[in-house]
Structure formats: structure tokens, C-alpha cells
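Each of the next two complexes has chain A plus one more chain, namely chain B in the first and chain C in the second.
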Partner chain A sequence: MAQLVLFDAFNGLVVGAFYALMALGLSLILNLSGVINFAHGGFLAVAAYLAYTLIPRLGFWGGLVVAPLLTAGLGLLVERFLIRRLYGRDPLYSLLLTFGLAYVFEDGTRVLWGAQALPYPVPPSLSTPVSATLFFLTGYRVFMVLLVAAAVTALFLVLARTRLGIRIRAGTQDLETVSVLGINVRVLRNLNFGLGVYLAGLAGVLAAGMLGLEPTIGSSLIMPSFVAIIVGGLGSLPGTLLGGLLIGVASGVTTVFFPSATEAVIYVMMAAVLLVRPHGLLGDAARIR
Partner chain B sequence: MSRLERHAPAFVASALLVTMPWWLQAAGGYTELASRIVILGLAAMGLNFLLGFTGVLSFGHAAYFGLGGYGVAMTLRYLVPSSAVAILVGVLAGTVAAAIIGALIVKLRGVYFAMVTIAFGQVFYFVAFRWNRVTGGDDGLTGWARLPVGVGPLTLDLRGSDLAFYYFVLALLGLSAAAMGLLLRSPFGRTLLAIRENERRARFLGIPVERHIWLSFVVSALFASLAGALFALLNNFIDPRALRWDQSGNFVIMAVLGGMRSFWGPLVGAGVFVLLQDLISTRTQSWMSFVGAFFVLVVLFFPRGVLGFVRRRPAS
Partner chain C sequence: MAHHPRIPKLTRRALMKAAAAAAAWQLAPRGLTRALAAEPVRVGFDDTLTGTYAANGQNTLVGCQLAVEQINASGGLLGRPVELVVEDSTSGDAGTAVQKARKLIDRDHVSFLIGNVNSALSLAIGQVTNEKGIVHVVPGGHTDAITGSSCHWNVFRVCNTTQMEAAAVASELIKIGKRWYYITPDYAFGHTLQDGLQKEAQKLGGVTAGADLTPLGTTDYSSYLIKAQAANPEVILFLVQGADMINALKQAVQFGLEKRFHLAGSQQELEALEGLPPEARVGTWVFEWYWKQPDVPHLAEFVATIRKKTGKVPTARTWQGFASVWSCALAARAAKSLEGVQVAKAMEGLKLPPEVGLMPDPPFYRPGDHQLMPTLYVGQAQATGSDPEDLFHVARYLKGPEIAASVEQTGCKLTWPHA
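Showing the complex of A and B:
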């Protein structure tokens, strides 16, 4: 029993790491530009499928590096030519636009790669269990958690130390002042969108190795990411990270005791958090208005 | 503006709606399609009570729509063989859920409100999806059918005649539209407009903003769940897709497409959307791409919607 709980808790942690990675990208875009990127799951799926196509040519590691970068490039284009036109208008419009894009991406991957699930090749060095007693710790899962941890650390370092990161954080506080100080806000928003999409792409390539590859992979992961942001707190990236891990572990543990509530439990958590702290666990109360 | 001029849109709308089964048939449609337009139009009008007239963005109205549908289906399947009771249960289910969720989220605004409504919308989807034994799970709930409804001494044969069902639905749309119109013209409705235009100012005037938004949310969900109840009756079937996020998005695009600032706009938007979907989905497998591209085009080039566009021209 204890092993089963441990197994599902660890599983939840892995899934939570995806949610967190994806939600961090969403959060970046939301905080700086006020856009709910509904197409985030679509970008994730595009990256996963690109990796699938690239792996035979570049190998597993090549796909892991190149696919998210290509997807981020697609994100830069989408921001430049579509989303940029909608800044300053009712957030309804950017939400609808990205919603439409989510449809296009999901259907596009279905047309290009087919509707059936595809096997995603993972190198054998990563697919063996680490030990016999802890059978659930396959190398791939451990590797994923480590990689997500590394990516998140890198993200926080970029935001804390680099010029781009400092500008993004400043823009999140007060975009107008940042603009007055002579920083090109258009470029900043563009790069920030690309960064957010890159994180979605990375999550997609990793998720494909664990969940398999289907056109609906994006839309099944995006809702928990919204919940992660709400639970963790609006406007707070550490909050988003915490929210993602929390809901992942919670739904993992629920699988043991009440399997049919695996999905629903995270919404119950969200309701509880909203009841006690409308701005989320680590959120900024001023941001919900 | 004269009296006649003021009521002209309502007259035109009613004339078009009453004759819809004929002109739609002449254009190659069928009666069921007309019913679908009216029902989804009612849902979009309900949503627009919140979206267009209170200025609050809900992206999760499929939840209340679907609850209305499941209320009907489960009542007819398990409880009482009466369409009227079933509709009542459906509306109650959706409205109560909205009252509870609304109370949790009225403090949020703007994009955050939208995001929380999206997320909450999914709860009921998963419940319907997972609770196989009762809801039929992914396959939907079958094994029931709509029954005739008695109106005073008359009996409407909803089951046998598609046309009778259409007029039943249309009558409910008329009643709902009248109720929404009266509400919007009342002091309550004017207050909602004031909140939409300037929330801070409304607050300074002593208006309890949260309570008004909550009420508007509940009223809006009430009409959405009525529409969902009728939708289930129309198809004699309900499945979790009626509850899913894409259905919520469809309602929003209907409202935007028709014109969020006009009373009848969402109905027009629903008409365009349903006809287009019918046209595309019979011709190609990848209708999702077309619908998605359609969303993008509407947002970029047609954000005021059909009626907003028509109205703007004489002014310029």
C-alpha cells in the first residue's frame, strides 16, 4: 500500500512538473501581456509532433533541443502577426483568437500526423527502472523531473539576472514606465511570448515520452495548467510552480483512493483556494481586479 | 426615435423567426436546424446578458448549458415521464450550480474571471465523463425521449412533430427574450450597464457591485441552462461534449459574431454559426480548422459583429 501511494505520488509529481512547466509559460504571457493563451496546448502538441518527426534524423537529444526552439519560432510569428493587433483591446478578443488557433493546431496535427496515437521513441538507457524495489522510478521519469527542475531553475535565473529577464519583470509591474524608459515594448512582448511558447514546447516533447502522442495531448494538459495558475496565485511565477506540483501530487494520490475523481480533485482544490484566498496561494491581491 | 422605430428590430426578428421553418427549408435546410439555431441563440443571448450588458467575460457557460441538458435527460430517464418537469429540473440544476460557482468568483475581474470560469466549466465535464453508471459516460445518455407537453387544455405533440417542437422552443425564446428585455430596462439592468461602463464609479455611488455581478451571472446561467434543457430535448440525447470548453467558446463567438452590444445580436450570430457549421461539417473532415480560422478572422476583421456593423454604417 505504502508503495502504491508512493508510486502514485511520484507519478503525480511528474505530471505536476508538466503542468508547472506549461503553466509557467502561460503565466509569463498572461502577466506581461494580459493574454490568456488558449493555444498553449496547441503549441505543446506541435512541439511534440515536431520532435517525433525530427528524432529519426537528429536523434532523441537533437529532437529534444530543436523541436521546442522551432515551436518558439512559430510562437514569435503568431505573436507578431496576430496577437499583437489585439493588445489594448478587450481581453475577450485575444482569448477568442487563441481559442481559434487551438482548434487549428489540434486539427492541423491530426491532418499532418494522423489521428491515431503514435509511439514515441525513448532511448533504452532511459527506459530501464532505476532499482528493483522502486520499480516505478524508470530512468525516463527521473530524467524528466530533473530536466524540468533544470529548466525552471534556468528560467528563474534568466528572469533574475539577465537584461531581458529584468525587463520582463519590470514590464509585468508597469509596462508604461518601461516603455518610457526607452525599452522597445513590442520586442519585449514578442520575446516574452516566444519564451512562454518555448516552455510549452519543452513540456510537450517531455510529455510525449510519457503519455504517448495524440492530437488531443494539448487540450488535455491545458486545463490543469489554468488551475495551477489560479491555485498558485495570479501574477506569481513561484506560485504557478507550486500550484502545478500541488495539483499534480493531489491528483496522483487521489488515483489510489478514488480513481474516478482523478481529474475532478484539482477543481475541488481550486474552489477551496478561491474560497479562502481569492488571489491564490502566493498571488498578488491587487492583480485580480 | 419613434415608437415604431424603437420596436422595429423586435418585429423583424419575430417575423423572421416565426417563418423560419419555411424559408430555411426553401434554402435547403430542415426544421431541426431551425430549432438548433433558436436554442443555441437562446444560450448565446443568455451569455450576452453577462458578456455584453454587464461587461463580465465568462468562458465557461457550457457548464450550465450542459447541466440543463443532463437535468432533462436524467429526469426523463430515471425520475418522471414529463418534459415540463424535466425542463424545470434542468434549469434548476444549472442555475444552482451557477449560484454556487458565481459566489466563489465574483471578486475576480477581467482575464482572471475568464480563466476561472474556463477551469470550473471542466468540473462537470469530468463528472459526466467519469460517472458512467448514471450519465452514460463518453457515449452520452440515451434511452429516453421527449414527451408531449400539455399547455392548458391543449397538448403539444413535441415527440411526433418537429414543427410543434420548433414553435415550443420559439415560444420559450420569446418569453426569455421578454424577461431579459424587461430586466435590462429595469433599474437593475441599468445598474448592470453602469457597472459595465465604469465599475469604480458605480462602486463610489454605493452600488453593491459584487452582488449585481453575481445576480447577472445567475440570470445569465439560468437562460443558458434553459437552452441546454431544450437542446437535450431536441436531440433526445446528451453527451459530455455539451459541457466541454469548446462549447463555451462557441457561445462566445456567437455573441461576438452577432454583436455583443445589441440585444438580438447573439441570435443572429448563432444563426450564422450553426448554418456555417452545418455547411462545413457535411463537406470536410477537418471542420475544426475552418471553425478555428473563422474565429481568427472574426476577431481580426469583424469584432463588432453583424449587427454592430449594420448599425455603424448609417451613423458614419
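Showing the complex of A and C:
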């Protein structure tokens, strides 16, 4: 029993790392632009399908590099021509827009690639377990955790060290002042949206290797990411990372005791956090208005 | 009050009038068009074209469309052409499915209704068609109640019951091992299927090593798989369906579980096997229909026609749609009528002819509960067979009447309307 709990907790960390990757992109966009991007799952699906199409030409690794970049490009266009018009309005407007976009992406992939699930190839070097005891640690999952760790480190370095990152962080604190200081807020929000969508794209390509690639792949993965943000706290990227890992572990350990509640437990956790600490574990209390 | 010329404002009253007018237009019988001589006989299609079961619903639709083409080419129905009216029920919203059924019946005046892949939606639509007295064929919703405790005089079912699928696979699996672990979807279909399998296993001396109910739409099965292997069963049964089946099997094979346990289940579909990488096409399963069967007349022709239309071989879902629409036409031709009770009476006991049945024994609708008695195909999934789309090896052909529980056991009591 103890081993089972340990295994499921450990495995939960692996799954949680994936949730965190999706949630970080969502969090970036939410923090700077106040947009709850319901189309995040849609971007994820588009990236996965693009990678599927690119693999015969570029191979698995080529698809992993190129597809998220193409999706980020799509994200820049969506922000420039659609989402930008709704800044400063009630958040409901952008919520409705992205909600609609999620459906457009889902049905778009259905029209272009068909409703039937597609077999997504993973290189043989990654598709076997690393050890016989820890059979749930396949090469692919280890690779995924490493990639998430690298992406998170890179993201935090960009935010901490580069001019763009410093501006994004400053904008998250006080966009008006940043604008007054002569920084082009439009460009800043555009690039930030693209960066968030890039992370969704990366998550999409990774997900396709573990799940069946079908049009609803994004919508089935989006909810845990929202929960991760709320548990971790609005406005805090480390919080989002922590939230993702926590719900992964909670969901995994619940399997041992109450298997049909693995989905419910993350919402129970969210409710508990909201009751005890409404701004989330590491969140910015000032954002709760 | 100043009288400026202004754009009239939409008042609440005007809005309500508009809404009422729109509603009246929707419900108004189309008297004029119906008076025309060659008014087509309409068949309503209310099935899952979007969402989780989109692939299944769309394949069902292809089969329905082919049947309509063939019926029209053979002189139509009672001298009139047949027309398919297609609606998307969504994959899980019973409200939408029911609303579409009402629209098809009240506004399009369909004579027959086909639907649904989802068991719960099939039951909900069945309530509406029963109330309206429309003959309703369920192509692919499996839960026992449809032709059991919730059966109706006007509802017929083409696909198997969960009980039939459980009984078909159990005798095969018991030869492999006695300790079974279930990974079951947490809704009506999964519960009845697991229950059926456990009953069969008990009869044959099998035991339950463990069972996990998993939420519908689970993406990550790793924690369940960790638990399953710890219980050390001989067979792990995957009762999940659609995308869930693909996710669960793909992850099980990535973990190498197929080398340590026998992976199996009850219902398996070509749609799911095609979505899996070749190495994950493993296990013992039941198919409801298969495109490769030796010595079945008209089968090659059917496969070739569907391949020409879609570029892919027909799946069980394609055949179910095809058989559903043809069943309505055959019964109406026999009854020489489109009236609900007369058509339903003609469909009772109706034996599907070889060009529609496409099975070794002609399937027929059992009179007591309106359940089709088909052949069941037990065998193993395979990476590739003689054809890139030959992903299932049929080991045994089982006869439906020998597998199905008796009408008394299903709990179905048909109540016919007073003539």
C-alpha cells in the first residue's frame, strides 16, 4: 500500500508537470492582459495536429520544434486582429470570444484532419520504460519532465533577465505606468500572448505522444490548468507551477483510495483553497477585488 | 417629450412577439409542400456528429446515406423517394438530442428516426419517439435498458446489449486467466458492462482482482494502471470507449503492461484501433461487425462501395447506420404503410436479407424486446493483417440468440398503443 501511494504520488508529479506547462501559458496571458483564454486548449490541439502533419517531413524532433512556433504565430494573429479589440471592456467579452474560438479550433481540426483519432508516432528510443520497477517512468515521460523543467527555467530567466521579461512583469504590476513610461503596451501584450500560446503548443505536441490525437484533445485538458492557476494563486507564475504539481499528486493519490473521484478531487482542492486562502497559495492578495 | 426621428427601440414586448412568431413558424405543419405528390419519405438522423463520439456518429451517417441511395435506386419507398434529414445530437447533451428529435418529428415530419451512439441519449430520444409514435432505430447505444427495462413498442436496436458483449468475451478470457481487473467508465454503459462481465466470470469460476471506476473523458490513466498492476491480475479489462480507450491502451502499452498481463476488454472498435500506434493494437475483444468475413455474400461489394465513398473501410458503426435505415424501409415495404404501429409490427421478427445483414447468419429483430440478434465476433487486435486496415483477427463467430439473455431476463415488457 505504501509503495502504491508513493508510486502514485511520484507519477502525479509527472502528470502535474504537464498541467503546469499548460497553466503557465494561461497564467502569462491572464496576468498581463486580463484575458481568460478559453481557446488555450484549441491552440494546443492545433499544435498537435500541425506536428502530426510535419512529422513525415521533419521527423518527431522537427515537429516538436516547428509546430509550437507556428502555433505561436497563429496566436500573434489572433491577438492582433481579435482579442486586442476587447481590452478594457468587461472580461466577459474576451471570455466569450475565446470560448467561441475554442469551438472554431475544435471543429476546424475536425474538418481538416477528420473526427477519427490519429496514431501519433513516438520515437522507439522514448517509448520504453526506464526501469522494470518504475515501469510508469517511460523515456517519453522522463523527457517530458525534463522539457517542462527546461521550459519553465527558460521562461523564468526570460522574465527575470531580459528587457521583454522585465516589461511583462512590470506590466503585470501596473500597466498604466508602464505605458506612460513610453513602452508600447500593444506590442508587449501581443508578444506575451504569443509566448503563452507557444507554451500551449509545446504542451499539445507532448500530449499527442501520450494520448489519442483527436479534435477534443484540448478541451479535455484545459480544466485542470484553470484549477492549477486558482490553487496556485492569480498573478503568480511560481504559484501556477506549484498548483499544477499539487493537483497532479492529489489526483494520483486519490486513485488509490477513491478511484472515481480523481477528477472531483482537484475541484474539492480548489474550493478548499478558495475558502481558506482566497488569493491562492502564492497569489497576490491585491488581485482579489 | 421631444419627437426626434429615431430608430425604433427593441422593446421587450416586440422581442417576445418575434420569439412567438419564430416558434410558431417552427411548429407549423408544412401543408403546402406535403400536398405534393412525390413528397419524399423523410428519415431523421439524430446522432453524435461532434464531441467525443464524433467519429462513431459520422461513420453511422455514412452507412445511413448509402442505405438511402440504395433504397432510392431500387424504386424508393411506397413510390416515394427517401430523404435523410441530419441533425447533430452532440456527444453528451441530452437536452440538445431531445430538442433535435422533436424538431425532426414536428417540423420535418420524419417517418422514422435513427439515433444514437450514446446510450443515455438513445434512452432520452426513445422517450420522445414513443410519445409521438414514431418508429425509432437505435444503431449504436449499448446499455441493456434500451431493449430491457426501458423498452418501447416503437424502439428497435441494431447494436448489441452490454450483456451480449460480456457473455461473448467471458468464455474466451477465462481460458487465459481467472483473476480479472476492470478499468470501467463511470456511467450507465460501464456499470452494466462490468456487472455483466462479473456475473459471467462468476459462472465460469473467475474472480475480480480489482475494479476502478474512471471518470468519462479521463486523459491520464497512469495512476489506474499503477494500481491495476499492483493487484497482480491475470487479465486487465479495459471497458472504457472512444478516446478514453485510446488513451488507456496507449499508456498501458507504453508502460509495457502487455508483456506482463493479458490486456483485454469487451467491446472494441475499428475507430479506436486506427487511432492507436501499431504496437498498442493488442488484446482480446468483441467486434460487433467486421469488414473481413469469409463467405459472406455481398460483403465485398459493400466494402468496395464505402471505400470509394470515404477512402476507408466500413466499421461496425457504418454497418449499423446502413442496417438501421434499411430496416425501416424493409418493414415499411412489408407493411405497405408508414404508420408507426403497422411498421413496428412488420419489423418484429424481421430477418435482414443477405445484402443488408452482411453476416454469416441473417440477423433478425427478436419479437419480445426488439433487439437485433446478430453474429458476434471474438478475436484479437493486430498491428496489421493482410491489409493496412485489417486490424482485428476474428477467432470465433458467435450466434446472437445463443449469447443473449432471454426476453424475460431483460425485463422488457412491450406495451402497444390501443388500436
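Keep in mind that, in the parts below, the second predicted complex is superposed on the first by the 280 of 289 C-alpha atoms of A that agree within 3 Å, B and C clash if a C-alpha of one lies under 4 Å from a C-alpha of the other, contacts with A are read in each partner's own complex, and residues count from 1 in each chain.
Methods note: contacts are C-beta pairs under 8 Å (C-beta built on N, C-alpha and C of every residue); 3 or more make two chains touch, one makes a residue touch a chain.
Fair warning: this is a prediction, and the values are worked out from it, not measured in the lab.
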Of the partners chain B and chain C, which touch A:263 in the superposed model: first, second, both, neither?
both
Would you check which partner chain A:15 touches, where first means chain B only, second means chain C only, and both and neither mean what they say?
second
Of the partners chain B and chain C, which touch A:97 in the superposed model: first, second, both, neither?
first
I'd like to know which partner A:118 touches here: chain B for first, chain C for second, both or neither.
second
Now for A:271: first (chain B), second (chain C), both, or neither, which partner does it touch?
first
Return first, second, both or neither, reflecting whether A:246 touches chain B, chain C, both chains, or no partner chain.
neither
Identify the partner contact of A:155: answer first if only chain B is touched, second if only chain C is, both if each is, neither if none is.
neither
Check the residue A:107 against both partner chains and state whether it touches chain B (first), chain C (second), both, or neither.
both
Which holds for A:229: it touches chain B only (first), chain C only (second), both, or neither?
first
Indicate the residue numbers of chain A shared between its chain B interface and its chain C interface, in ascending order.
106-107, 110, 260, 263-264
Give every residue of chain C touching chain A within the complex, in rising order.
50-52, 54-55, 57-58, 186, 212-215, 217-220, 222-227, 229-230, 243, 246-247, 250-251, 254-257, 271-272, 274-279
Seen from chain B, its contact residues with chain A in the complex are 51, 57, 59, 101, 104-105, 107-112, 114-116, 118-120, 122-123, 126-127, 129-131, 245-246, 249, 252-253, 256, 286, 288-289, 291-296, 298-300, 303
In the complex, go through chain A and note every residue touching chain B.
30, 34-36, 82, 85-86, 89-97, 99-104, 106-108, 110-111, 219, 223, 226-227, 229-230, 234, 260-261, 263-264, 267, 270-271, 274-275, 278, 287-289
What part of chain A is in contact with chain C in the complex they form?
3-4, 7-8, 11-12, 14-15, 106-107, 110, 114-122, 127-129, 135-136, 138, 140, 207, 210-217, 220-221, 251-252, 255-256, 259-260, 262-264
